[in-house]
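Same chain, two partners: chain A is paired with chain B first, then with chain C.
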Partner chain A sequence: MSRLIKEYKTINAQDDILLFPETADNLNNWTAMITGPPNTPYEGHDFKLYISIPDAYPNSPPMVKFHREAMPHVNVNYETGEICLDILKGEWSPVYNLLYTVQSIERLLSEPNADSPLNLELGILMREGDKTAYDSLVRYYLQRQK
Partner chain B sequence: MECSICIEPIIIKSSTQEKDQIYDTVGELLPCHHKFHSDCIRKWHSFATDLKCPICRTVSLSMSLIYNYKMWYEKRVDIDLNKGFLVGNIIEYDNMMTSTRETEPDALVAHVVMTEDITNESPVLSRMFQTILNIDDMNDDDSEKDVEEEEGILDSLREEHNTLLCRICGDDTVENNGDADHRCYNCNARYHESCLHSTASEIGESDTWQQCIECRSLTQRIKGNRRFRIVNNTNTDELDKIRSTKRKIQEHVRKILKQYYGTGSSVHLTGEQFTKINQTVSRSLYSMSRNEYQTKIDYDYQAKQKVLHELHKLGYTSV
Partner chain C sequence: MEPKESDADERTLHLADAASIVQANQKDTQIENILNEKLTELLTLLKGQLFTNVHTKHISIISKLVYLSLTTLIGRKTLGEEYVDIFIVNKSNKGLVKRYQRLVFVLGYTLGPFLIQKLIKFWKLRNGSGEGDDSDDDSIAADENVISIETIINCLFDIHMLLFYFKGAYYDISRRVSGLRYVTGHRLTNSEKQLKQKNANTYKILGSVLLLQSISTYMPLLKTGSQLLIKKVYTSSGKTLNDSDMLVDKRDKSGSISNVPDDSRSHHFNLSDKDCFKFIPENSRKCILCLSDMTDPSCAPCGHLYCWKCITNWCGEKEDCPLCRQICRPQHVIPLR
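And then the complex of A and B:
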């Protein structure tokens, strides 16, 4: 647990990062806010991430989810918010930390990966290489939520 | 210097003036030379599914343990990483398989005709390893059936997982020296007595030769060494049975999966995807079968359902 306290101190010292424990006395559940990257259909939207820390952390990766039915993305299960990202599974390394994890998810928004779709609708569009349709569908989803 | 795993400093000896300071034991991975607290990196190895360096992902071939003692002396001891890191891994894997099985969609398991509740069965691999981990508890229990079972377990362990190998020399026997029958009661590492002696004298602390090189707890010779004499026993029924079950199940899976691979198929799987689906489906069927080929299971049907499920995940919704 002392490693989490260290991470907490480092993150707290930076003021441009929206990553914080849900309550100050419990470092097992964190929330993060990420901003839709420019030049993507996510631009202008903010997304909330729910992070829960397993007991074995950092030997086990943190569990990260979007809010349910909030993130239309080929690597995110729209219904549950579950994220398919290699470093959250088999490619996790104990030298990664929460900040790196959140930044990787932010990067996933601008670099969707067709090889591991959790959103079949978007996966098919992407596989067919129809970026315009992909982006439009994402925008439609986001618009509908407002 | 800081350990990247726990983000704590690594305290090493920097001058001969320092006294009464406790120094950390450093694990240096080779060939990449990245250093960690030895405890941190060994713990990671028990979680990891491979032997890649956490920092640079170079596959580690061995690790040097670097001790820093009060004397001027620093000695490196090479440890072969491939020996003995499997126990934790196997148990973890088994637990994972159990929990995956429990959360599988009902539709997939609904067709299995089973009289017993499969989720109540403790995972076989874990059970095997628990047995080995609690080996001295079993010394009280000498019923024939158990002995037979243990023999199979030990043989298969030795053969498939190398867990009884000495963590210093990485071998299971030394000329005229017998089995690695010194065991650390804290972390279950195995050692040859002679290896412990020579390591201790190399690092200049011959009076603490009985300490486990990994966790520094006391090692002890395993008493009533019957279980190490049965190693050459030919009774490997249990293992043969498990293997033949595995083989039979894999034949079913390959047969189904081949329909979706190569030219003439509407699905374009890469070799990697093929292997992965093959593994996932085989494992799932395997755990469903409880290590025994079940005549009540329609394997072709099950394999097909599971293969389709995996293909759907990859975006092939029309197959």
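And then the complex of A and C:
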């Protein structure tokens, strides 16, 4: 039995995890819901992740995106939702699974990484070390969506 | 038949040629696949993907069974037979086949391969379980036994195909067993006859190629078989044959290694068998890459264990250990034995 089915069974057995295949008959596309971590500008917001599984999984990492124009974050391309995270690229290891991947992205929300900006506006603020401005710009983006 | 035809030879129907039979078969396979697809779709809707993924084989058998039950079993032509205008007669081309023969064919055609596979698996398991407490020498003999059963089946199948290419009577074994032959449903014109003759010759060429191929496959097997026999005779007469003699024989003159058994024939160590590598504790018998019990546990230079297939596949992607990131080149992975 393929590894993806095994992962599906484990994930399905726990009901506190918001990670599921898009339709029951297709394990190649998944969606996940992550909640903004407390004490970050994302607190109180939920974000949807779109996950597509390449044929070579788990030897290739899953491809993960936010909804377009939904995630203001220094490591996320705001227009496309593309995420820059090491484990989704060269640092991927086949011992990671879907759940770990989603949790890493959740962690990325509270630990933005100034070294690989995909959002230039936020990247500049972050490099200047202006955390207050960074946070309020994120809040402004999120507010604007409502 | 047309009554004006006086020639007695023209009164009996012509046996169908290999080309028509193959064509009809292709058409039928196509339709069986469509049925299979639809059935899978339906079951996925009703029971979900997990169910259809687990039962792929069963679903394909059922769709074949449904198709043939609605056609051959109740005495109708299949769409493929209709397409090339042939129909089923008995062995001697003297009449139609009996109902039980058609039943034997339908069951053999649909369930046969499945049952044979199960049998081989069962046989392997039974041999495998007895292996642990036997001496080393006996386990080798048991291994050879399994090889020979699969080889015999393959060999029978090849002989069957050879007969088909040369004589063009039975395309699959279940038809041969139940004696279902084909005749052409219409009278052949002369030009058609010529064309069929040409086709038959092409099939004979194909048959000759297959014959050469099987000779080259089965000759080395015969050789190892006889070597094994010699070894047995030697050991029973108290002498021991130098093992290196055997190894030298496995290389042919060009120096390349021949006789490498293909994957299905080589022996696998599976940790789902509790007696296999007892020193590996209960909680580390699963491979973290495929999340299943390890098959052929293999050790990376750092000491981490994975399935042979899992770790070598990953090393093709990136040469490091998935768990600790230490360098792990595929040539340094060592399978446990």
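Simple rule for what comes next: the second predicted complex is superposed on the first by the 145 of 146 C-alpha atoms of A that agree within 3 Å, B and C clash if a C-alpha of one lies under 4 Å from a C-alpha of the other, contacts with A are read in each partner's own complex, and residues count from 1 in each chain.
To be clear about the criterion, contacts are C-beta pairs under 8 Å (C-beta built on N, C-alpha and C of every residue); 3 or more make two chains touch, one makes a residue touch a chain.
Just so we're clear, the structure is a prediction, and the values are computed from it rather than from any experiment.
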Superposed partners chain B and chain C on chain A - clash or fit: clash
Chain B versus chain C as contact partner of A:3, first or second or both or neither: both
Touching partner for A:93 - first (chain B), second (chain C), both, neither: both
Touched partner set for A:60, first chain B, second chain C, both or neither: both
Chain B versus chain C as contact partner of A:124, first or second or both or neither: first
Clashing chain C stretch [against chain B; choices 127-135, 217-225 or 235-243]: 127-135
Shared chain A surface residues [contacts with chain B and with chain C]: 2-3, 6-7, 56, 58-60, 93-95
Chain A - residues contacting chain C, complex: 1-3, 5-8, 24-27, 56, 58-60, 93-95
Chain A partner contacts - residues on chain B that touch it in the complex: 4-8, 40, 43-44, 46-47, 49, 54-55, 57, 312-315, 317
Contacting residues of chain A [partner chain B, same complex]: 2-3, 6-7, 56, 58-60, 90, 93-95, 114-118, 120, 123-124, 127
Residues on chain C engaged by chain A in the complex (per definition of touch): 44-45, 48-50, 52-54, 288-292, 310, 313-314, 316-317, 322-323, 325
